[in-house]
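Right, one structure below, let's go through it.
Letters are used for the chains, namely A, B, C and D, taken in the order the chains are written, and counting of residues starts over at 1 for each.
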Amino acid sequence: MDSFPKYLLDGYKNFMSGRYVEESARYRQLAEEGQKPQTLFIACCDSRAAPETIFDASPGELFVVRNVANMVPPYEPDGQYHGTSAALEFAVEGLKVKNIVVLGHGRCGGIHAALSPNADPLSPGDFIGKWINLLKPAAAQINSNSIMTEGERQTALERISIRNSLANLRSFPNVKEAEKQGKLKLYGAWFDISSGELWVMDNKTGDFIRPD
Amino acid sequence: MDSFPKYLLDGYKNFMSGRYVEESARYRQLAEEGQKPQTLFIACCDSRAAPETIFDASPGELFVVRNVANMVPPYEPDGQYHGTSAALEFAVEGLKVKNIVVLGHGRCGGIHAALSPNADPLSPGDFIGKWINLLKPAAAQINSNSIMTEGERQTALERISIRNSLANLRSFPNVKEAEKQGKLKLYGAWFDISSGELWVMDNKTGDFIRPD
Amino acid sequence: MDSFPKYLLDGYKNFMSGRYVEESARYRQLAEEGQKPQTLFIACCDSRAAPETIFDASPGELFVVRNVANMVPPYEPDGQYHGTSAALEFAVEGLKVKNIVVLGHGRCGGIHAALSPNADPLSPGDFIGKWINLLKPAAAQINSNSIMTEGERQTALERISIRNSLANLRSFPNVKEAEKQGKLKLYGAWFDISSGELWVMDNKTGDFIRPD
Amino acid sequence: MDSFPKYLLDGYKNFMSGRYVEESARYRQLAEEGQKPQTLFIACCDSRAAPETIFDASPGELFVVRNVANMVPPYEPDGQYHGTSAALEFAVEGLKVKNIVVLGHGRCGGIHAALSPNADPLSPGDFIGKWINLLKPAAAQINSNSIMTEGERQTALERISIRNSLANLRSFPNVKEAEKQGKLKLYGAWFDISSGELWVMDNKTGDFIRPD
């Protein structure tokens, strides 16, 4: 048997001798009483953008979906497998989360792929190409701009993707209803990997601003 | 505008004044050079089972997909949106990860849903019901067993789900090929939320055992 | 006679009893030996964006042109009055400055005017409309984007205007030649009025980034 | 990339750790509510004569045009680019400033150029030469005077240029009208770089006198 990667086992040992010792009571309680996270995060798979790290979160605090480019597909009750929609349903209906945060970040490879429509597919299945189709119209509009730099177009689409996911979240009847009743609040945020800066979305204008 | 949840901003401030200070050079480097994670994790959305926490991982180390019950659907190049398959393609073909770990955990709500086939759908869309269909045959078989306790059935299906995901991973031609060539290794692991114990899968037998 | 505004005279008294006392020798020297500023700033008239304030500059340090939206028109040796071109010539040929900085800023009213092409002219002469024509093609392209917010379009054009001015600076043969010879360097910068953040332009990519 | 001049970044750091700290609330307010300066300054680019310094002005107080020799061209609604006229229109019609101050100063290089009509052009475009043509008749008259010293002729033209700019300001119909209605007041001032003395113009006589 190929043994489990040593660097992961070393990390696990650190966890057990460090954080777990401090929080063992909390883990035991979370196991007995079940999780009661207040917030669902829709975040990216990127190795530099884990919500637990950025928000210094304790176990039990964040229910986290991670897919490429932190996307939420529109409501499609069509009988297909919809991983993100299933997680959303579980969080909103099952766990009754109070907040949903769509968290994007700088230098996102998925967004980069969306802005490179002529790139060869990574595999014959071209799953990235199809997944990123959710952003196709927006990416085409951004790409038609010849006077913004490549970096500016990338940042623009990263933020548009967050607003897109928020709009799609509101296409789910239960999300829309819970938000209307004031039981659920939706937020956008964008993390700058290089500087560590967090930018949060102004829900009225859609602009991203630095929190105080 | 509803302001961003205070407990998240407080957590972010802790991150910035703590971990980010220690790792700012690393973040800057990761921004400039791009991410080069060695491992893709397929993990659960559960708030108690973040891979970064359990493996005490630094930024840049783990590329992480999180969906309900850490599932990988089978290879279906059908033109639909497949978030998990897209992330898998990105990790294997784009980032050339060396390891894939499917990480399950105890008290998993998604597995519990799979073992409760007569429960009412959480919403009319019943996204959880459809998503968990991926485990339907396994769940039916486990449920037909009347002499394992409820807890044993739950743990059993949690582990079967991990083996299921690993089998589905191997239905992707590029994963199969890369594994054959020795460029990619696949692992299963299961985390006990209550005790903090990690169990890793023996790749030959499929059994879960404690690492040394 | 309407007497000179009192708040200005009060400010002048503060200057004389404060800063001037500390720097009187410097003023005397600057009067006797002439000014030898190292840097020409092309900045905006905006009351919130004075280069002397933002860069905490002493008398004699910055030669400063200020017009609406920190613009440099292209090289047009046509015998007309060109205030900005005259100042540029004076700084480069007369004072032999070593640096030119084009300094833009957030919430710029001139840029806002450029993005509002259907607004009524402020006066029959419509001087703003004509001046801002220098940005017309860029503004049209930015305005054709329907998925960026108003704030994002504004910031985008503010930064494009800086790059535009830098390109136009290089249309002046003496600027181009001096830059080629390494005697003169050109820079872009953007000041966020709200947060006080300074962003400097990467001369290779045109992106604006935070200095260390 | 040539990095941004260090002395400017150092100055910016001083600003951020000093003045910005004291005035951050003001900057934030100015960003949110927009600028409302009471006064437009027409000043010179000279590095020794920044209005913000001389009048110890806070951010948001002064809207500032700076060109060589603080000149205002006459009203010319001819469709050409007129940077100073555009700024004037913006200040008077857009911002509704209450005061316009034309600020001249001693040892002005632009005035010196106007008094040296046989000097070689600084560049083939001779932008200074053309710009200073606005003062040509006045300069010729001053130069025809053989019994004032060179220094006296320089000071004389510096002050004439201020009166000239004030006269040209009144050629703009909207300035003329607003002044007539008492909504706008025009002032001249002259700053002695060496002594720090401010001289303000008597609006009736045109003489420059020391304020009390």
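Please note the rule applied: contacts are C-beta pairs under 8 Å (C-beta built on N, C-alpha and C of every residue); 3 or more make two chains touch, one makes a residue touch a chain.
Source: prediction; values computed, not measured.
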Least hop count linking chain A to chain D through chains in contact: 2
Chain whose mean Cα position lies farthest from chain B: D
Shared interface numbering between chain B and chain A [over half = same, under half = different]: same
Separation of mean Cα positions, chain D and chain B [Å, integer]: 66
Chain centre separation (chain C, chain D; CA means) in Å: 15
Inter-centroid spacing, chain C versus chain B (mean Cα positions, whole Å): 53
Multi-chain contact sites of chain B, meaning residues that touch two or more partners: none
Touch-based graph of the chains, sorted into line, ring, star, complete or other: line
Every chain pair meeting the contact rule: A-B, A-C, C-D
Residues of chain A defined as touching chain C within the complex: 138, 141-142, 144-152, 156, 159-160, 163, 195, 205-207, 210
List of chain D residues in touch with chain C within their complex: 1-2, 4-5, 7-9, 11-12, 14-16, 18-20, 24, 27-28, 30-32, 34-35, 37-39, 45-48, 50, 52-57, 59-68, 71, 73, 75, 77, 79-95, 99, 101, 106-107, 109-110, 113, 122-128, 130-134, 172-174, 185, 187, 189, 193-196, 198, 200, 202-204, 211
